[in-house]
Structures are given as C-alpha cells and as structure tokens.
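By letter and in written order, the chains are A, B and C; residue numbering begins at 1 in each of them.
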C-alpha cells in the first residue's frame, strides 16, 4: 500500500516526520511518497492544483494525504473521500475542488470516529492527530464508511473560468510553476491554432514546444495538463514578461 | 524495517543520495523516510528539537539517522543508541539531548567497529561512511553491542529552562517554525489559564486554538508539543511581533 | 526494486508527484528514493556531478531517473543505459558524462519503443510520459534492448580538467556545495602535501579535515569525492573567500 503526503509544513520542524511516524506505527509496511511540503503556507488554491497533477496517475488503492489547513482547530470538517477508487484525506476547505470535479465517482465522508484518531487531538496539528492516522488505517484496510458519515456538501473553491468571446477565449493565469511558466485556465483544445495575448501583449501563435522558438523568446503552447501555457524558452516567463497569477490571457482564431 | 534521515545537507549536492545508496546496498528492503535535509547548517539545537517531534511516534524497531555534524573529522565520537526500543545513530554533539531526557530506558554506544563502516572513511563525510552503513546494519539485525562499547557520558546541550515566579512562569522562545509560530520552553500544563506577555507586551489569555481570535491577531495557546506557543492567526508571529529565539515570555495567573 | 529520482522540478507544482504516480501504477512495489528536486533549473553540469555522488553507491539492479531537461520536446534523444549493472534513464544532454566515464562497462540505448511510454506524450513533460514509465518498466524486469536501439554517441559535456605544471597542478572550482565548500577538479592524490592557492591567495597546506584549523579559517583538504576542496571551518568558503565556480586553484609541492 502506498500513501502520499502533500503539505505546506516544510520539513525542517519535524511536523512531517511526526506524520510519517504515526503512519509507520499503524501501517508498518506502507510506502510513503512525499509529494511536496513546500506548498506556499495556507495556499489552498495552489495545493488543489498540485493535487490534481498526480492524484489520478497513482494506481487505484492509493491513499493521499493533503494538509494545507489554515482553519485547523476551527469548526471546519475533516474529510476522507474515495474518488475513482483512490482515497484522499484532507481538511474541508476546498482543496479537493479540482479532483472532485474530475472524478467519475466520488464518496465523501466526514472523519468523525475517534477510534481512528490519536488519543489526544491537538487543536493545532490535525495532520499528525487526525489525517495521518486516518490515512494509515484506510491504507491498512479500514472501510471509508467506518470513518464517519457521508456528506454531499464539501466546500468548493470558486475558480476563475475562461470565457468564450467572438473570436476566441479570454482567461487568466492560474499558476506560475517553478520554471516561471504561466499556466492558464484556457483549455488546450480551445486554444489550438490561436494567436495568444498576455496582458494585451502578443505572444504569438500556439506552438508545439519550447524548442519551436529561439532561446529567450516567449512562446505559447499546450502544457502537460492540456491547458494553454506561456513560457520563455530557456528562461522564466513570469519574470521576463512581468506576469503572475491573475494576468489576463486571450486567444484569437486568425480570421 | 524503516530508516529515517535528518540532516543539514540539503539535497542538491547528492550527499543524501550517497547515504541512501549506502543504506540500500546493505539493507535492500529498507524503507527510507526523509525527515528533513533542511535543518539550518550546523544548527544542533534545532535538530535536537526536530528529532524529538517524531522520534517516539515511530514504531519500535525503527532506525533513525541524524547527521548535523559541524565537528566531523575531529575527536568527537559517533554514537549509536537504543531509546525505548528505537535506534538512533548520530554524532556525539548534544543532538540527542531531548530524546535522551524523554526516554524511559536508554543504552548509548560509541560506533567503533570498523567492520560496519565503509572501507575508506572520509574525514569530512561520516554520514556516508559511518552513520549510514551503521544504521543499515542495525536495521538489518546487527546488535547494538557489536557496534562498539557502551558509554554513559554522551554530550548534552544546556537548554534554557522556564522558571517559576511568584505569579506564573518566565521562559523564552526556543524555536520559530515554518509558519512563524513562536514555540516557548514553558510547559503547557503550567501555562493554562494564564495571561501571556512576549517581551513585555501582552498577548492575552491562553486560548484553545488559532480560530479563537480574529485573523491577524496574536494568540497564545498550548502547541502540539504541549508547550506554550505564540502565533498570529493567518499570519507570521515572528515577523508581526518582531520576536525570535531567546525572546522573553512570561505567564501570570490572574489574581 | 528501488528507483531514484533526480530533477530540477522542485516539488510544489506536483510534477514529481506525477512521475511517482506513473511509476507506482506500473511498478506498485517499487521503493522510490528522492535524491533531489532542487537541482538549479536547467543546470546539466551540476546534475551530472550530483548523479556521480550516489550512482555507484546504490546496489546493482537499481534504476535511476534523471530529468534536468531544458531541451525537452526538441530533437534531443531520450536515453536508457546500463552502467556497471545499474540502470539510468535521462535526456541525452550530457548529464551522464561523469558516470559514463567512471563505469567499467556501459550499454546506452535510445528510448524509442512507444509501448513503454504513456499513451499521449506531452512535448513538455517527458519526465512523466517517457522517463518515469520507462524506468518503472525497467525496474519491473523489462530488458534494456526492448526499450530501443543501442547508440555509441551519447552527448558528452566538455569538463575543465586540471593540468600539470612545473611544480604542481592548476585547476578550478567546479562546484559549490550547500555549505559553501569549494570543490575543485584537482584529484586528491595529486594535491596531497601541496600548498594551495585560490585566485592567487594562499590557503595553506592540504590538511586532513576541517578541525585541523581554527574556526573561521580557510582550509584545503581532500574532500569526500577524493578531489581537492577548499572550506572555511564552521563557515562558508564561497562567501568568505568570494569565490565560486570557475575560480582558479593551484597547488605547489614545496621545493
């Protein structure tokens, strides 16, 4: 059984280590894969996107732990869900929005059964005391229904959607990755063949890959998640083009 | 068998990779859990605290490797210890101070047997040449006594302790975590019900969790390690309050 | 079976998570060891050095994935190689230069067989769509020859070599590690007994270890990879001495 971890904890404080120790004590044979602990602190939107990049690639039966949890200790619920036969535990703060939207079938439960939490639950560290033990028990065979009752109203983030215009699409940058690539909310299949503008500046036609332009040149292409992306070959588009999350992007089919 | 790694090596140079390769060659089935490689360089005190946050949560039989080792190559000893049936290997520089104090039973040995080191031992990389192979052999079943002779004088860090005053406790900030939370050396059970001051500035009563105050407001609470902690809800207390390690914290039971 | 990952992806975007998910789906029992995802973006030279620090320490049968790939989507080939019975997959951009030079026997193939790639191959993410699935299949028993045809002209980096002079060696700094240690291309066995200069400034005799000089003092020694290294005890040589990659280093055997 394989359990993945995505948090905004960093690693140096040992909080992630504490979660791993709890998992190892309950499920000694579990393979634990770090996804990241470098999500920007409390950035639920960013974590939701990151989760969507690996969740469905993992095989059925995988258990995913996601703890970006600025509301820890408040009334926000803790969730355990099964989406297309993969399990995820996470705070009910919208972090599951994208994977819920993509899943063919979904069952979402509240984590309520104290039997699967640590004996003492700190109001500030549910990663260690609720999510890690719950994930380990689920990986070890616990049935989702034994975790707590089903719900049908998990919190959803409202995400900006690209809109159709007379001659193309209008959307925005929704993520800047480590390389400075600007990832937009315009679906790739709607962008193909278009000319792209970023904040009113022409980037050019949608190309196939970085190498289709000269080094240092901006390029629009369909990224690895099938959405329109703006990059600078061998460079950092966010810095070079002075654009970040929310920057306006439009596509026009040449007339 | 499960082996954890805590170092200040970063990952990019491949030093951690070298340790993992040595472990894998000796104990091919070992599950290797990264705790962190981002301990501030040579910060023994910080590493000692980090270690204490996960050490006892891991199941008995786990093997923990800790290499924050500014004295590598000097006369400092290399240690292998069993604390409450968990094993740890580390330089003898005080890094075990907290876990030694918390353990019910402890046996500490010097790593002296060349049979369990790499054939050539670099004077600057004992992580690869002494600690990793020793940990792998211990995980694979080697008896602690075969590593080297027992000692009873491991190096201990002197750690600031909170002191009782007429109306409460006086202590200090001993750690700032990734979120900017200020973790103090005042035990939680002695702080409950108190009013807290940080550097003479009133923070307020000890609360249950972040959500008990408004966003952006400072809050004192009992942290996940059962010590008094000062946070800013949705913010960074270290930055907002201009405080760090060594800042004075006091608690007063209202008269 | 054990698979290691070295990339310049960072972790926060979930690209590494995507690679791990692909591997887990093909080889569910694979142990996945992170080496690093913090290689400086597109720094092939740095990655080649990092790879050489762990590659041969891992046991035979290990599968290593290296994706630092600024040429992704261009005509550059994708390689799978067996070097001394360890397997590595990587772009054909020189990243294997050092391990190829060190290997006793090597077979290098181009990854060409679409059966072992993801069904759709993104032109910008071969880590997920080509390298990860290929590595997982190889770890699961696929024969290297079934990946694609052998080649004998993998791209090699030209690396600066130290040269012999009348009274010693002249070389340069080729890596600065996390601690600010300056690692040179002068072989340790040729430096022993020498007096070392860095950018014309005398560092002193080659010593055994950091502790042979006072705190804060520069010291030359033979590093853990058997090359000449310049450090500052308890400090950061790169900062203190104002030197980085390319800085001139010379050794003189005292007359």
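The working rule: a contact is a pair of C-beta atoms (placed from the backbone, for glycine too) under 8 Å apart; a residue touches a chain by one contact, two chains touch by 3 or more.
Given the structure is predicted, the values throughout are model-derived calculations rather than measurements.
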| item | value |
| --- | --- |
| Chain contact graph, described as a line, ring, star, complete graph or other shape | complete |
| Angle, in degrees to the nearest 5, of the Cα rotation that carries chain B onto chain C | 120 |
| Copies chain A and chain C touch via same or different residues, half shared test | different |
| Computed distance of Cα centres, chain C from chain A, in Å | 30 |
| Per-residue multi-chain contacts in chain B, two or more chains | 31, 34 |
| Parts of chain A lying in touch with chain C, wherever the complex brings them together | 2, 4, 6, 31, 33-40, 46, 49-59, 62, 175, 177-179, 208-211, 221, 223-224, 229, 234 |
| Chain C residues within the chain A interface of the complex | 8-18, 20-22, 24-25, 28, 31-32, 34, 41-42, 70-75, 122-125, 128-129 |
